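Listed after this line are the structures, all set down as structure tokens.
What follows is chain A paired twice: with chain B in the first complex and chain C in the second.
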Partner chain A sequence: MPVRSDDRREITAFLGALCLFLSAVEYLIPKPLPFLRLGLANLPLLLGLRFLKPVDLILVLLLKVIGQGLVNGTLASYVFLFSLAGSVVSVFTMSMVYRLGGRHVGLVGVSLSGALASSLVQVALAVTFVFGETARVIAPFSIGSGIVTGLIIGVFAERFVSSSGWLKGIERRYSISLEDSK
Partner chain B sequence: MRKKQPDRIGYYIAALPRFAAGMLMLPPYLLAEGLACKALLAAFFALLAVLAGKRLRWGYFLILVLSVTFFHLLSPWGRVLVEIGPFIITSGALENGLIRGITLVGMVFLSVASVRPELELPGRFGGLLGRTFYYFDSILEGKRRLSGKNFFVSLDELLMERFNPDQEKLGAGESGEKPCLETDQTFRGWFLCAAAILIPWGLWILKL
Partner chain C sequence: MHRLRILDYIIFLLSLAVVTASVFWSASSGEGELIAEIEASGEVYIMPLSRDGSLVLKGPVGDTRVDVADGEVFISDSDCRDKICVAMGPVSTPSSWVACLPNRVFVRVVAGNSGKGTEVDAGAF
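So, the complex of A and B:
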């Protein structure tokens, strides 16, 4: 199979698009409270940890955050900053846990760590820029919902990894393109 | 299903000048101090967002303003207005909370009105984002294939159909350009941009 050097670019762009698509799917799921978010759009980032080079993972992250900002029109608002900060910290934490944990930590654990880190950062931002000091009382609720959503996305990721032929094909294609570019 | 509202601003103003106009309206909005001025400008930005064809979730924004105000009221400051048991409503905390909440909501309205998916970012990253939007549209076209019952199987099939990793050339024969709502910037468009920018600057200069 001939491999083109821009396969990496195409796979990165498609994973970014998958983030935007899952974000749109999540919009259709009814929520008990308007602030609650499941974080389905983080699934491609979690899956990407397994095979993407760090630079491509960062690109998928930026495509997700900036793409969501453009689609929802929130690029020039505080929502974008919250999303950017939460996603950056989450991906950094997940990468560290994934690499340091090795075989001892599954995708559920990795997802949980990312969701917790994201919740903590967003609470810190909310306290500093939006609600004021007294909003520390929302921290347990925010962290609690982070644990639940992190677990759900982690279980989703484990199931998708075990059943998806598409993901196996993408991982194979990406690794060939890496070897090809050496 | 509700019908999508047309983007009335998009008829006259292209994506880049529109974004630039939005950014030029932000400084006077952030610098304005009075509650009345903030509320007026937030209402103006909400009008722009509605003209842009956006369906605003009023309940969500109301809850946001009320919750921000509530947390500010927990730190009493200024003249006591009302006492409800141990809960004291003070003028300073109430005004501060409302200003903060309305500022945040107004920024979202302005952003929603001025940012369009057609906005093209420069450089290699802009090109990559264009590819991403191309694929996003492609996946959206097949979204009906997704089934709640067999979510993982149907998602896998959809992804395989839209981006088959075994094809010879990934993304073959595709332009990679963003779906574009072509708008020619008209004279009326420039005039409307200038008028919209003058409103927040004028209010700030007049110190309303």
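So, the complex of A and C:
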């Protein structure tokens, strides 16, 4: 695969598109409870935060949130704000954990911390702004399910990263294109 | 190689701790925030369920006595004929109620902070 100078932009856009696709896949999976989500669309973010520049990571994040909003039909509702807040905090936490943890932390820990942060923020928002104190009732379910899915996605990402030649290729192209643009 | 590293375990334990904490936090909700809203002869009275007390209300057929004790509200006596209100016993959960229809007294439990005794329904998510 020849390396081109716009690879960086292309890869960012591709990861965003992957989020949109995974949102659609997730939409097909029936949910036993409405707030139980698998969080498949977090996968590109989890893979991306290992090698993307912060600017590109934020772009993928925005694409993910908008894509999810489009697929789920929640783009124009307050659910979108929940999703946005949860995702922003989650990505921020994941980057921090990944950078600070260094080689002591794997993608499982990164994914878990992101899921934890996201569900905590959403519960806090629900209690403070939308449903009042009674929203506490859902806190254990929301946080618990977030952790279970965070764990699943994390384990998958860890395995995927260690065995995918495709991802290595992408990472290489991205870093070369970064070098080029300097 | 996908071996779990030290921080993975720590974060996992931390997550479990947060879930456990949230269970307790959730279970402790609503305590002491409930109030009884009492309507009689066009007036509305409020009694917190956390404090014992009683109130005598005048109505078309006489007096109705509303008592709060041990976090529950009940009508202990009324000058009506059938005493159905007294037989209804104590209530303490949001949006439950007791009423004395002949004497036009209506007692309802509401959650204090959120205004009305709203329930979360799963469809909201």
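Convention: the second predicted complex is superposed on the first by the 174 of 182 C-alpha atoms of A that agree within 3 Å, B and C clash if a C-alpha of one lies under 4 Å from a C-alpha of the other, contacts with A are read in each partner's own complex, and residues count from 1 in each chain.
In the analysis below, contacts are C-beta pairs under 8 Å (C-beta built on N, C-alpha and C of every residue); 3 or more make two chains touch, one makes a residue touch a chain.
Quick caveat: nothing in here was measured; it's all calculated off a predicted structure.
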Partners on chain A (chain B, chain C) - clash or fit: clash
Partner chain in contact with A:G101 - chain B first, chain C second, else both or neither: second
Contacts of A:I66 with chain B and chain C, given as first, second, both or neither: first
Partner chain(s) touched by A:R159 [first = chain B, second = chain C, both, neither]: both
Of chain C and chain B, partner touching more chain A residues: B
Partner chain in contact with A:F92 - chain B first, chain C second, else both or neither: neither
Partner chain in contact with A:A135 - chain B first, chain C second, else both or neither: both
First (chain B), second (chain C), both or neither touched by A:F51: neither
Identified clashing stretch of chain C versus chain B [42-50, 60-68 or 114-122]: 114-122
Chain B/chain C common contact set on chain A: 34, 79, 130-135, 159
Contact set on chain A toward chain C in their complex: 33-35, 79, 97, 101, 103-106, 108-109, 112-113, 115-116, 120, 123, 130-140, 143-144, 147, 150-151, 155, 158-159, 162
Residues of chain B defined as touching chain A within the complex: 19, 22-23, 26, 49, 52, 54, 57, 59-60, 63, 67-68, 71-72, 74-75, 100, 104, 107-108, 110-117, 119, 121, 125, 128-129, 131-136, 138-140, 143, 146, 152-153, 155-156, 159-160, 163-166, 168-171
Contact set on chain A toward chain B in their complex: 1-2, 4, 6-7, 9-14, 16-18, 20-21, 24-25, 34, 59, 62-63, 66-67, 69-80, 130-135, 159-160, 163-167, 169-170, 172-173
Contact set on chain C toward chain A in their complex: 1-12, 14-16, 18-19, 22-23, 25-26, 29-30, 33, 94, 111, 113-115, 118-120, 122-125
